[in-house]
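These are the structures in question, set out in turn.
Consider the two complexes below, in which chain A is the common component and chain B and chain C are the respective partners.
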Partner chain A sequence: MSNDVLTVEGLRVRFRGQPVDLIDGVSLSIPAGRTLCVVGESGCGKSVTSLAVMGLLPRRSATVTAGRIRFRGQDLLGLPEAALADLRGNSMAMIFQEPMTSLNPVFTVGEQVAEAVRRHTGCSAAAARDRALEMFRRVRMPAAEKRLDEYPHQLSGGMRQRVMIAMALANRPALLIADEPTTALDVTIQAQILELMRELQRDIGTALLMITHDLGVVAEIADDVAVMYAGRVVESGPVAQIFNAPQHPYTLGLMGSMPAIAGRAGRLLTIPGAVPVPEAMPPGCRFASRCPFAIPACDAQVPPLVRGPDGHAHACLRAPLEDHVGQDRTGDDRTGHDRTGRGAA
Partner chain B sequence: MTDIILEARDLHRRFVTGGGLLQRATTIHAVGGVSLRIRRGETFAIVGESGCGKSTLARLLLRLIEPSSGSVHYDGRDLTALPPRDMRALRAQMQFIFQDPFSSLNPRMTVDRIVGEPLRLHLGLSGAALRARVAGLLTRVGLRPEHADRYPHEFSGGQRQRICIARALASGPKLLVGDEPVSALDVSVQAQIVNLLEDLKADLGLTLVVIAHDLAVIRHMADRVAVMYLGEIVEMAATEDLFTAPRHPYTRALLRAIPIPAPGGRMSGPAPGGRMADAGGAEPAGAVLGGDIPSPAAPPPGCRFHTRCAHATALCATTPPPLAEVTPGTQVACHHWAALPPAADAALRVPARSPAAEARFALYRAASERSRTTTHRETAP
Partner chain C sequence: MTAIDAPLPARSRSRAWKKLRANRPALVGAVVVAVFVLLAVAAPILPIASPTATDWGAIRQPPSAAHWLGTDEIGRDILARMIWGARASLMAGVVSVAIAVAIGVPLGLVAGYFGGWTDSVIARATDALLAMPFLILAIALAAFLGPSLGNAMIAIGLSAVPIFIRLTRGQVLSVRTEDYVEGARAIGLGHVAIMAAYILPNVIPPILVQSTLTVATAIIAEASLSFLGLGQQPPAPSWGSMLNTAKNFMSQAPWMAVWPGMAIFLVVMGFNLMGDGLRDALDPREH
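Then we have the complex of A and B:
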């Protein structure tokens, strides 16, 4: 517990003019040197949650209505903006999906990394440039020294993402938030970048919060997983539990809708409908409107997040499904796909 | 004899860029000598990394752009030699679906005009017959016909891709070419569109050519796959063969780079821990392919992959390997394919799902099929 670099407790965020809290009681924690992956469909609140942690929510339209965010024991929500700005890019860093939007086109990438170092350490320009070069070498930037003096548009997508990682890690942050850092990259470049992040994390002991929609990336890099749906964590736990014993119907729908790299296993599962908008948020379980297992009780109450002894938590009245769904149980361990199409008894 | 619907013979396409006051013009050889034959009724996939020429090839196949040299034959007719009028008539049979459903729809046109245009153009329909046909097409792709008077911006991304598919189907095509048709879509929407394309293919007897960079989508959908690298096909094989017995070093590197969605999957290979640290010698089983793709403006001589290939020799640096059949149905462009480690060893290995997980997925599938037939529709609202 005290080992946690980041703890988020009961976070609620509301956007101006909306009738409900879009982020509705999210709790997360990440120990030093560990990785938490957050998954969920588009619009589930993954980015809003991470922006809240970084103190980067738009002040005019978003309000944190409840909850606590503790970073190395310090309460971030009570912190004045100047103190937050000091943490950002220093002990807390963030990488976005599209590096072009976070790199400045009129400065060389070397200048930008050096500036990030100088702002937080106050070292000399020469020392900052040395540090930038060192980081470029660590992220295995091809022709590192030459690249320092190039502009973002002169680099490939993979190289730009390396610059972002170099900048984010230059000050050895205790927490790194990466929002879909490899989604825009080719699979071979993605493999390089993931390897790099893992290696640097090992060296620096950074806690990593990674947002991704790629289950392969999750399996590869996560220690723990949080599945988000419509502003709530509906299932969380150690990565092996999430893959080997998924509980929440949303987790099943999400995983089943992704084509299996292992080979075709029948039609893809689908989740009907779309993530509800705040104006039409279901009162109980927010997934109830799309859930094939929903019963009236699911609309009547918000299902509590029930945590098992193994750290695996889920918020579903119908879990475990095999105990609640009126269907004869086969009971054996065969995994043949022919069973999957069978209808109700 | 297999029934070939589309054949490309030694297609080349060069682009000249720059050449302004300050720059010398550069020539990009985007597609460099591609030959392939697509069988009627199959799903044929083209995969490769960004910039390797997939979109250019797809456009060449339907003659949306002209080749620098080479030819394309549809049902035995040379498209590249066809006069414009005949080409227009043939267009009804071959349709294109773009990656970005946002920019490929005219924002000023209502859905019924977008979908109706090919009906008027190719079939000469109008009035009530046209409206009925549009309504039928919208229903077919899972949209509500009563939304026909809306504009594209009033729809979600997945619905817009459905509109694009309805438009492509309007002229009664036999061949659909999709350039990353599901890449821009969110996961649950992607699944709906993949299922839709498969249903349409089965119901209408279509031939599908799908460009994708997501190998899982390809393994799910495709019968055969062509792997491209820097404008050339390096391997072409039946999908299962490609994943279980990959031959080309680049194909093998691609498969190794896929993160496996099972805990411990890819990392449980023979090279635990820092795979880069021990990348000095011959490629370890889990080695990550190093470096970036060379610029297509200055591709390496010889085999274009030799600069990143662990098996390259002097021969590879000078002489391009031909794409040759190495086993029935599998073509590979590599001088050393026969001397490489056994193909089966390079197979993509994915641990099976746990029985507990499998049982719950089965419950989900059964329950969602039941509720789909009773209450829900599979479409987004």
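Then we have the complex of A and C:
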């Protein structure tokens, strides 16, 4: 696929002093103008993957041990820091989770947006300010001209996230990475911000890599989804496929633990157990110890990510899961898996 | 949601200013310092005697209408010497702190920002310097450089450098991990730009407080060096050297010691009150 803005192939990241790669062979790709949501619980490596793409991993503690990150045909991992810095905030931009702390408290928000513009265009201060004002209007900042000269502490969380979006999109990036941009916001503001991001993405034609743990956000905004678990992509594909026919038990579990407005009777499902710690990472499927479908073979080998003709890929030996619903597991003498099949309702 | 409901952290300058004005001790400190600064600045135009003019007919005179604060052992007017001495003391305080800030803050900034071996080298050297008592270090340096007011300032300034390295480094370590610093990297800013625009402005308040308090320390240090003959050289007036002379005449002419002692006390107290007031006004936890 040559129109992919970003391709990540077999990315592996290791943190110093840890026995295994925290990111273990992650592959992703995003075509121009599309939205890829990376979903997974805390600590599964979503954010580390996005920081690796931006070249913002803490150098002292994290190293990319293998893989390739290609951005518009350019290999980012081979780029010197200065060349990367020229890309950051220019053709690839990032929005962070915490709008309350992501802005410098000692400068006005207008100055900060203008700074991002000047850094990459070298235009005059006045032109940069005009551009900042234009962006403030585009992100529908109330009283845009007045806000330009206000300090971050004078703005609400929603307004600050609008500033962050204005700053990120000011240079019309080809790729926008948003790391849980709505998590810290009020629910009503969340919807507005998502709507705004979708609209601006359409206008500018940016590819959007959205990191989230909120399947509601995924349903709202995604074209494609990649589900990550413990540093691996366990399932990926077009959003409709993932929601309608999930093929990895972890995806099923995620959906089971999402409350629905329609209200299903009974308790929300939780996935038993916890993500394995790096010191005790199983050699096979990393989800096996929590998986109701697991068989001994799951512990023996890493299940490959198998891509179907419809673009739907999954890394589970037991797929298609429908075949096993209601069955007792065969040949499984282990204990602790008393929730067989419940996730597959 | 908590983010929305949380009170907005007010960092505005006007707020800090208001708190400073409401702080009575700080205000008193500021007034005391202001009076001394005014006197020192206006010294050349004030209708006072020359600080070095001797009068053999008026030796060790107690305070009188002619000599408000009395005269010293060779008949010089103590009021004039006090006012001119204030110039030396205040200059020494401000200049030496300026030296300390100019060297210490950039070093602390670099150490805290880059970390790694840069930090190790700077931080260990700082620890080593801090192991030596401030005044002893200043005396040693001043003795090494040779006695003069300028050298005393340099010696005091250099001795105070580690204080500012350590303070700045510690502040930078906490600011460095703020989201907006990562945000600055994410818009492609380089290290120098980030240090100048994102780190430094956010570590200034504690440096400002420390500077004010260190001026007080530096004034005492200058007086000490002058007392020992390593600072201001006679016949130029300095509170420290005036005390040194006065100690020989404690029983005959106690006023010779009282005035410089009181002046040092007042100025140092003034700066300390101001520093404490600034600390309270700039403390973000008090909002």
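Quick notes on this structure:
Convention: the second predicted complex is superposed on the first by the 323 of 345 C-alpha atoms of A that agree within 3 Å, B and C clash if a C-alpha of one lies under 4 Å from a C-alpha of the other, contacts with A are read in each partner's own complex, and residues count from 1 in each chain.
Keep in mind that, in the parts below, a contact is a pair of C-beta atoms (placed from the backbone, for glycine too) under 8 Å apart; a residue touches a chain by one contact, two chains touch by 3 or more.
Worth saying up front: this structure is predicted, and the values here are computed from it rather than measured.
Chain B and chain C, once both complexes are superposed via chain A, fit side by side.
Of the two partner chains placed around the shared chain by superposition, chain B is the only one that A:Leu252 touches, whereas chain C remains out of contact. Look at A:Ser156: by the touch rule set out above, it reaches both chain B and chain C.
By the touch criterion defined above, A:Leu103 reaches chain C but does not reach chain B. By the touch criterion defined above, A:Phe293 lies against chain B but remains apart from chain C after alignment on the C-alpha atoms of chain A. In the superposition on chain A, contact is made by A:Ile189 with both chain B and chain C.
By the touch criterion stated above, A:Ala274 is placed in contact with chain B alone, chain C being left untouched. In the superposition on chain A, A:Ala240 makes contact with chain B only, while chain C stays out of contact range.
The partner that reaches more residues of chain A, of the two candidates chain B and chain C, is B.
Measuring from the middle, so to speak, at the Cα centre of chain A, the directions to chain B and chain C differ by 80 degrees in steps of 10. In the superposed pair of complexes, A:His213 makes contact with chain B only, with no contact to chain C. Applying the stated contact rule after C-alpha superposition, one finds that A:Asp86 touches chain C and leaves chain B untouched.
Put simply, chain B and chain C get as close as 5 Å, counting only Cα atoms, in the superposed view.
Counting contacts by the rule stated earlier, residues 156-158, 186-187, 189 of chain A appear in both its interface with chain B and its interface with chain C.
The part of chain A that touches chain B in the complex is made up of residues 41-42, 140, 142, 156-159, 186-192, 194-195, 199, 213-220, 239-240, 243-247, 249, 252-264, 266-274, 290, 292-293, 320-322, 325, 327, 330, 333-335, 339-344. On chain C, the positions that touch chain A within their shared complex are 1, 3-4, 6, 8-12, 115-116, 178-180, 182-190, 193, 197-198, 201-202. Only residues 54, 56, 60, 82, 85-90, 93-94, 96, 98-107, 115-116, 119-120, 151, 153-154, 156-158, 164, 167, 184-187, 189 of chain A touch chain C when the two sit together in their complex. The residues of chain B lying in touch with chain A in their complex are 49-50, 156, 186-188, 190-192, 194-195, 198, 213-217, 219-221, 240, 243, 253-254, 256-267, 274-276, 288-293, 348, 350, 352-372, 376-381.
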